[in-house]
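First the structure, then my questions, so here it is.
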Amino acid sequence: MSPDYLKELLLAVKEGGVSIDEGVATLKKLPYEDIGCARIDHHRQLRQGMPEVVFGEGKSVSQIRQIITAMSGRGNNILVTRLDDEKAKQLLAHFPVASYHADGRCLTLEFQPLAECGKGTILVVSAGTSDLGVASEALVTARFLGNRVEHIYDVGVAGIHRLLAQQEQLSTARVLIVVAGMEGALPSVVGGLVDVPVIAVPTSVGYGASFGGIAALLGMLNSCAAGVTVVNIDNGFGAACAASLINRG
Amino acid sequence: MSPDYLKELLLAVKEGGVSIDEGVATLKKLPYEDIGCARIDHHRQLRQGMPEVVFGEGKSVSQIRQIITAMSGRGNNILVTRLDDEKAKQLLAHFPVASYHADGRCLTLEFQPLAECGKGTILVVSAGTSDLGVASEALVTARFLGNRVEHIYDVGVAGIHRLLAQQEQLSTARVLIVVAGMEGALPSVVGGLVDVPVIAVPTSVGYGASFGGIAALLGMLNSCAAGVTVVNIDNGFGAACAASLINRG
Amino acid sequence: MSPDYLKELLLAVKEGGVSIDEGVATLKKLPYEDIGCARIDHHRQLRQGMPEVVFGEGKSVSQIRQIITAMSGRGNNILVTRLDDEKAKQLLAHFPVASYHADGRCLTLEFQPLAECGKGTILVVSAGTSDLGVASEALVTARFLGNRVEHIYDVGVAGIHRLLAQQEQLSTARVLIVVAGMEGALPSVVGGLVDVPVIAVPTSVGYGASFGGIAALLGMLNSCAAGVTVVNIDNGFGAACAASLINRG
Amino acid sequence: MSPDYLKELLLAVKEGGVSIDEGVATLKKLPYEDIGCARIDHHRQLRQGMPEVVFGEGKSVSQIRQIITAMSGRGNNILVTRLDDEKAKQLLAHFPVASYHADGRCLTLEFQPLAECGKGTILVVSAGTSDLGVASEALVTARFLGNRVEHIYDVGVAGIHRLLAQQEQLSTARVLIVVAGMEGALPSVVGGLVDVPVIAVPTSVGYGASFGGIAALLGMLNSCAAGVTVVNIDNGFGAACAASLINRG
Amino acid sequence: MSPDYLKELLLAVKEGGVSIDEGVATLKKLPYEDIGCARIDHHRQLRQGMPEVVFGEGKSVSQIRQIITAMSGRGNNILVTRLDDEKAKQLLAHFPVASYHADGRCLTLEFQPLAECGKGTILVVSAGTSDLGVASEALVTARFLGNRVEHIYDVGVAGIHRLLAQQEQLSTARVLIVVAGMEGALPSVVGGLVDVPVIAVPTSVGYGASFGGIAALLGMLNSCAAGVTVVNIDNGFGAACAASLINRG
Amino acid sequence: MSPDYLKELLLAVKEGGVSIDEGVATLKKLPYEDIGCARIDHHRQLRQGMPEVVFGEGKSVSQIRQIITAMSGRGNNILVTRLDDEKAKQLLAHFPVASYHADGRCLTLEFQPLAECGKGTILVVSAGTSDLGVASEALVTARFLGNRVEHIYDVGVAGIHRLLAQQEQLSTARVLIVVAGMEGALPSVVGGLVDVPVIAVPTSVGYGASFGGIAALLGMLNSCAAGVTVVNIDNGFGAACAASLINRG
Amino acid sequence: MSPDYLKELLLAVKEGGVSIDEGVATLKKLPYEDIGCARIDHHRQLRQGMPEVVFGEGKSVSQIRQIITAMSGRGNNILVTRLDDEKAKQLLAHFPVASYHADGRCLTLEFQPLAECGKGTILVVSAGTSDLGVASEALVTARFLGNRVEHIYDVGVAGIHRLLAQQEQLSTARVLIVVAGMEGALPSVVGGLVDVPVIAVPTSVGYGASFGGIAALLGMLNSCAAGVTVVNIDNGFGAACAASLINRG
Amino acid sequence: MSPDYLKELLLAVKEGGVSIDEGVATLKKLPYEDIGCARIDHHRQLRQGMPEVVFGEGKSVSQIRQIITAMSGRGNNILVTRLDDEKAKQLLAHFPVASYHADGRCLTLEFQPLAECGKGTILVVSAGTSDLGVASEALVTARFLGNRVEHIYDVGVAGIHRLLAQQEQLSTARVLIVVAGMEGALPSVVGGLVDVPVIAVPTSVGYGASFGGIAALLGMLNSCAAGVTVVNIDNGFGAACAASLINRG
């Protein structure tokens, strides 16, 4: 609703090109108009010409196939997240261009080369072998959104020297995604070693009083390292989206 | 523990300039040594020549005065957070250079001009009048850390058009900090309107089943807008630290 | 226990058509009978001549079949809720008049045309595709209880303009049921756009810290929009009952 | 932003009474103005000519006095909620027109007679003497919003016959607000006795495992009586807003 | 609504002494009528000639004084629970017959000798010195309701032999009330030593993860000793009521 | 048991004043003994000649068969709780004397007639059809422990008149067990109608915010009816044990 | 202690094979006895000749003074925990031998030199300055129980190198007590650096989602470092007791 | 990275057997290697020549087989925890040296005799038959780590005399591990009977309000017996690691 547009409209009314009733009708719809066109789904980074994302969980193979077919008409690259092996297998049979990332349970369909949008590297750091799935979802998503990505595996805080040995690699990243379950302490330690934003991802790994990731989530929210922000439990995708926005900035 | 350093050491051992026992002693201490130098306190952004931060809560006026006196010797600017009116009054009497930001309960001592470090603007958006305190802590901190800052007040989701009317200002920020209590829905809506990182700060404002900010915290963690990350309840300071790191990147 | 029925009974006693002992026996059973027929399953809106409801979850096909057979004797319409595909299939084979609403997991048996009881339209608004099941249960129930119903799909708060584009339709409803999972913010936004009662239904959709709908439930209870009331998680049926009572008022 | 207002404005522009630049300026401010005056505190039912509401908790006497002074210029009636005795005393001294409802901790300033907007009666039912404060907030608010109101006190479920003795009064209401602490069972029982909407308000009354109203809240959300909806703990104001919307419908 | 009453009524209708319309009116009111007479307050054991109970918490001295004055007209004994020292002092000055039990925060007014109603002894067992207040409330209440009472103090499970040394006294009680905070294990141990009902009372004593009595409450609900039932946290009064009903049976 | 006492006792034995058998009898009453022999499992009411109980959940058919075989040597009656259909079938094939109570998931083996131990009737009241399983476990257990038992089904609080119609039966019981899920309000209402102990059993029936029985549990703990005590969620067995102890007293 | 054993013993006493004194000695070892005398309170390490402990919280100065006076008759050293400044001041005036440890809120009265009972050093490591109180309680208690103690302050995980710089001191301890609030990660890191038992103490330090120490508690229970055990929130005393038992072993 | 190894390496460099570049390469890898071999899974007690541990849960048979094969090259003994029957069967077929401990769900491969490292006995005490699995995990782990172990079964607190009968065995242990579900009271009672460290392990055994072990966990954290420390729910392995560290000290 720019001033220029309003000026033109009022001029037209004044000059009679637009009747008063037409003017009223136009002005009444204004706030809505610049709206309707845009978003097919909730992922704001997914405009025309940009990659599209399908949340696979709870959707049937047939539903996903239809969505992919509809989307692929625009020639955009497509990412399907939270997709189990069985469904992936059937989709791979249907879409030869697709490739499945089993660890992160993601399917990508790259109809065109991924455009590099990020200015630096997104580094994913994960604590234990059981955090690999979530870390992998973050990695695949971040790469798909046009970022250079790296990964440091298996550097839990109970063996702190292994982490310190990677300090050089830590210091070269522009954004870090730190994935950890159990007590969720890794982002606090990493946050104390670097000068860039750290996005913490709690995982539901653990047993007993880990309560499906609550212990890790609370640990991260209460991190004593300033500069750490947190996403939902197991939300590797969300962390990658946020990291990507930061990396483009 | 760079290769060059190791090479020199081994050469010295080989050539006898360093005895084998001395070499063993040196190598044993290696991981510690290249360490000790660095961090005096937990605030990584607070290096020599950088501003210093004191967490005021739970500290007596006398303790804070000693800390400020000690720190001010280095000529650095100092920020004291979580400081109530009463303590502030006494510190203002003691340090003429200090100024108190009552809304955000912060005291700043600027012995030198604040260096501008950020590339863009950090915009703080807050939902209700009762979120102003936390928003103000974020604003003061972000400015103190060298960022240009702006603020949009009182744009709760139950009067959505007020927020939409600010869309232009929203779109000019490089990072957003969105502060909200009660149901914590504002970051989700804002996240859908911009293409830059959004840091959500739940506040303890509310009553009944808001449970001191838990409702808002959960709302933000479950945000359907990708790109939103979350900090602890009422943690305006932490949000500003993270935003500042992003804005420098 | 209508006055007419009592009058007839007393007349019959007076005139000798019903003996005093028979009269006593009949009157003694009255409170039961009144119950036996009308309140078989606690749904007060289901009186003589009104539709009847069976809660399908945890009942076997055989049990449901018996209940339907017993109820259908009275010629009333019947609604079975929380019924999965498998059971529905068997019941459809048995009751040709039945039709199954797979999305909402409801079976309806309409032995007579649905009487229209509501004064206006009940509009069901749902946030994401995964909230469709609960929204559908609300829709089918509301229609079954004699209301005109409409539905707006897929208008989550992270794409707020899609919702605003529907403002005209929002403003024509007499009651709104707003269904949302994850952060549960939609009722707050909708509540700010309309002047009629809004019934919020949290859904168990989400993962991680959504805790099976608790995040959405808390978000809705803490809504900053006055006039929003809340029902239990996933309780589309209950929301429709409440909306129907409002729409008849 | 009524069509009539727009029509007048455009006509004035067309006829030259308002210049195009003035027209642009006016239109640009429209969304703000519409807000600035009407939605000062998120209460959508409070338009021009309608009562205004101030949430008193956490505001100083001086702040409230300023807000009232600003609002009263428009001649609207004003309701201040969550106001303790001490503040009320000072405000009463300042505004002779004000009257304070100590039980419900509400202050009302009626500059003009309350317009009756509701079609029927809103009946507030409360369980114990300690629920009176919340019940009273609901009563005062409902009356202030233009409804006829009645109240049944002290009819807890452990003395069920006292409630049943009031069944006639229960049956004459158009909407019920049922307030209860402890186990929160009253709305379930009342819901089974009437055919109109029941809004349940859990109170924080109780001790031990009542957890500040959580027990009552859960009891109400799990009510076996269909047609019961719930608002936040102690939220008598919100219940009255919702009941008022229903009563106008 | 006895058969005899119905018979008489119908006979009267048949014989013309009662008109049909009168009969209808009478029958319509029947379920209500035999109701209204009974319960003045929630304490069912408090009939005419029986002791009366006032819950003191949250009531002003003036309110309690009025209630006592009103009640004492009937000559019944009165118990005021949850009454702090300050209020008690004022009431003692007003009612010479009153005596205050400081440990249990109860005031009793015995206008007539306490009638003994129980068949055996109620034994109150408490774990630590900090559980004495709750134990004392139970003791005073049980005695007031007409029971012989005894008390064993300070027999926590970490010094199990002290408890075992009291086994003879344990075995002579007809009902036991076992009061414990912290881990709440005492009722489980006691329950294994006796053959009579054990009522467990969790107290809010403890710190850290005792969560105001939740730890003790959960411990008691999960007791491995069959025959243990539980009341609310700190609810010594409720335990005594239940024990008294058992002791009278 | 002071040394002096022992000394005297031994002296008396030595000198013949106390026979060896008397000495043994005296010493036998020291705690150890009447212990080691008696308690094979944690159920104190299960002495020699008394029924025995096996907790079936988590035990294999083979384990249960062995335990039954061992126990049956003593000729005692045996109750197996928490036993699913499949296991029951196999055990029935093995033990012809056994009979399975499918609703309550209990198996009983009555090698001798059940001795009646209770003085009155235990009445089990249940709210909805889905609470029948837990009610049935209570019924079977109570009968097995030697009590007369009765049952009132399907009297939820949302249809309060059905409950009131049973008031006569309610008043004849010596102990009541009230079983309810969802909001758990039934025990409060029943507790207000009777003058005998009420044991409340929350069930895990419900969905959404019933949280597997927590809502019902909290509702019961916060009951406004004095004299209500509570057992663990779904613990029909425990309720029957406690009721049986009360009924024997 | 079978009847046979008792019979034999008594027979032997009667026949002179066992003297009366031997008989008494044998019978004295039956559990009761070596019990009754010893445990005045719940602290098992506090036998005759050993230090005594008084839990100060919730006790009046007068009560504590009486307890100390009673205890001091035995000449034992006394420790009073959880004692605030005000009470301490009064007790110091009364007992000249007493000294107050303000940080740890402990008062000690050493009537005799502390006996050294531990084999090695107990090292207390604390994360932040706000954990000092709990750490100090642990230090004072451990020293009082006869252990050599050391302390490393202010080594939070966000500045990991400061901790690593102390590795030598860490490696010389026989037991470690690690005190931390907020995310509670320090015990995990320390546990990975040493080969001795680590007792973790969560503190209630933190704000927002630290929930009074729950975040730290969960972090410690879920520690990925084996060999870490946990005590209750803020329970420095309990940690010192456990560490002392280990150090004596 | 033992000194001896370093000495040899430097000597080889000095003497020319290892070139400087080779030396640099070796040293650069040291921190990794030291990790690669020893800390494959975060268990610090597993150095060269010491047993190795694999966490079996969530790993496929094939993955575990590879890890075992890799590890077994070093000749170390190996423990696989959390391994179900089905996987164990396949691994037993592959590794003849393996033996499976079904109760504790552990597989051990002893390529060399277990070295005895502990000074005394670790006694595992468990409350009910359903705690046997966790107790068994603790037993197998403790034995595997080189400790003498004993076990007392089935001594729940509701039959306290059974526990007391074992007091002699309790008093001979150097460390106790006490395993209990439901109310988790056993460690408190045991802690009052012994003078050595007690490690409490809550188990997820129980139903209803045991909440998967939370009730037991809270009970243990709030133990009134000093000297009790706690590990995570069902964490028999962790308890054994801690006990083993204590027993070696």
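Each chain carries a letter (A, B, C, D, E, F, G and H) given by its place in the written order, and its residues are counted from 1.
Keep in mind that, in the parts below, a contact is a pair of C-beta atoms (placed from the backbone, for glycine too) under 8 Å apart; a residue touches a chain by one contact, two chains touch by 3 or more.
Remember, it's a predicted structure, so these values are computed and weren't measured experimentally.
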Q. Touching chain F and chain H alike: which chains?
A. E, G
Q | Neighbouring chains common to chain C and chain D, by label | A | A, B, E, F
Q: Could you please state the distance in Å, as a whole number, between where the Cα atoms of chain C are centred and where those of chain H are centred?
A: 55
(Q) What's the distance between the Cα centroids of chain C and chain G, rounded to whole Å? (A) 60
Q) Where does chain F touch two or more other chains at once, residue-wise? A) 31-32, 36, 39, 42, 44, 128, 156, 158-159, 161, 164, 191-192, 208-210, 214, 217, 221-222, 224-225, 232-233
Q: Report the complete set of touching chain pairs.
A: A-B, A-C, A-D, A-G, A-H, B-C, B-D, B-G, B-H, C-D, C-E, C-F, D-E, D-F, E-F, E-G, E-H, F-G, F-H, G-H
Q: Provide the residue numbers of chain E that touch chain F in the complex, in ascending order.
A: 31, 39, 42-45, 119-120, 164, 167, 174-175, 191-192, 194-197, 199, 217, 221-222, 224-233, 237-239, 241-242, 244-247, 249
(Q) Quick check: in the complex, which residue numbers of chain F touch chain D? (A) 127-128, 156-160, 164, 182-185, 188-189, 191-193, 206, 208-211, 214-216, 218-225
Q. Which part of chain F faces chain H closely enough to touch in the complex?
A. 31-32, 35-36, 39, 42, 44, 57-58, 202, 204, 213-214, 217, 232-235
**Q.** chain A partner contacts - residues on chain D that touch it in the complex
**A.** 1, 3, 6-7, 10-11, 13-14, 16, 20, 23-24, 27-28, 31
Q: Flag every residue of chain E that touches chain G in the complex, lowest number first.
A: 128, 130, 156, 158-159, 161-162, 164-165, 207-210
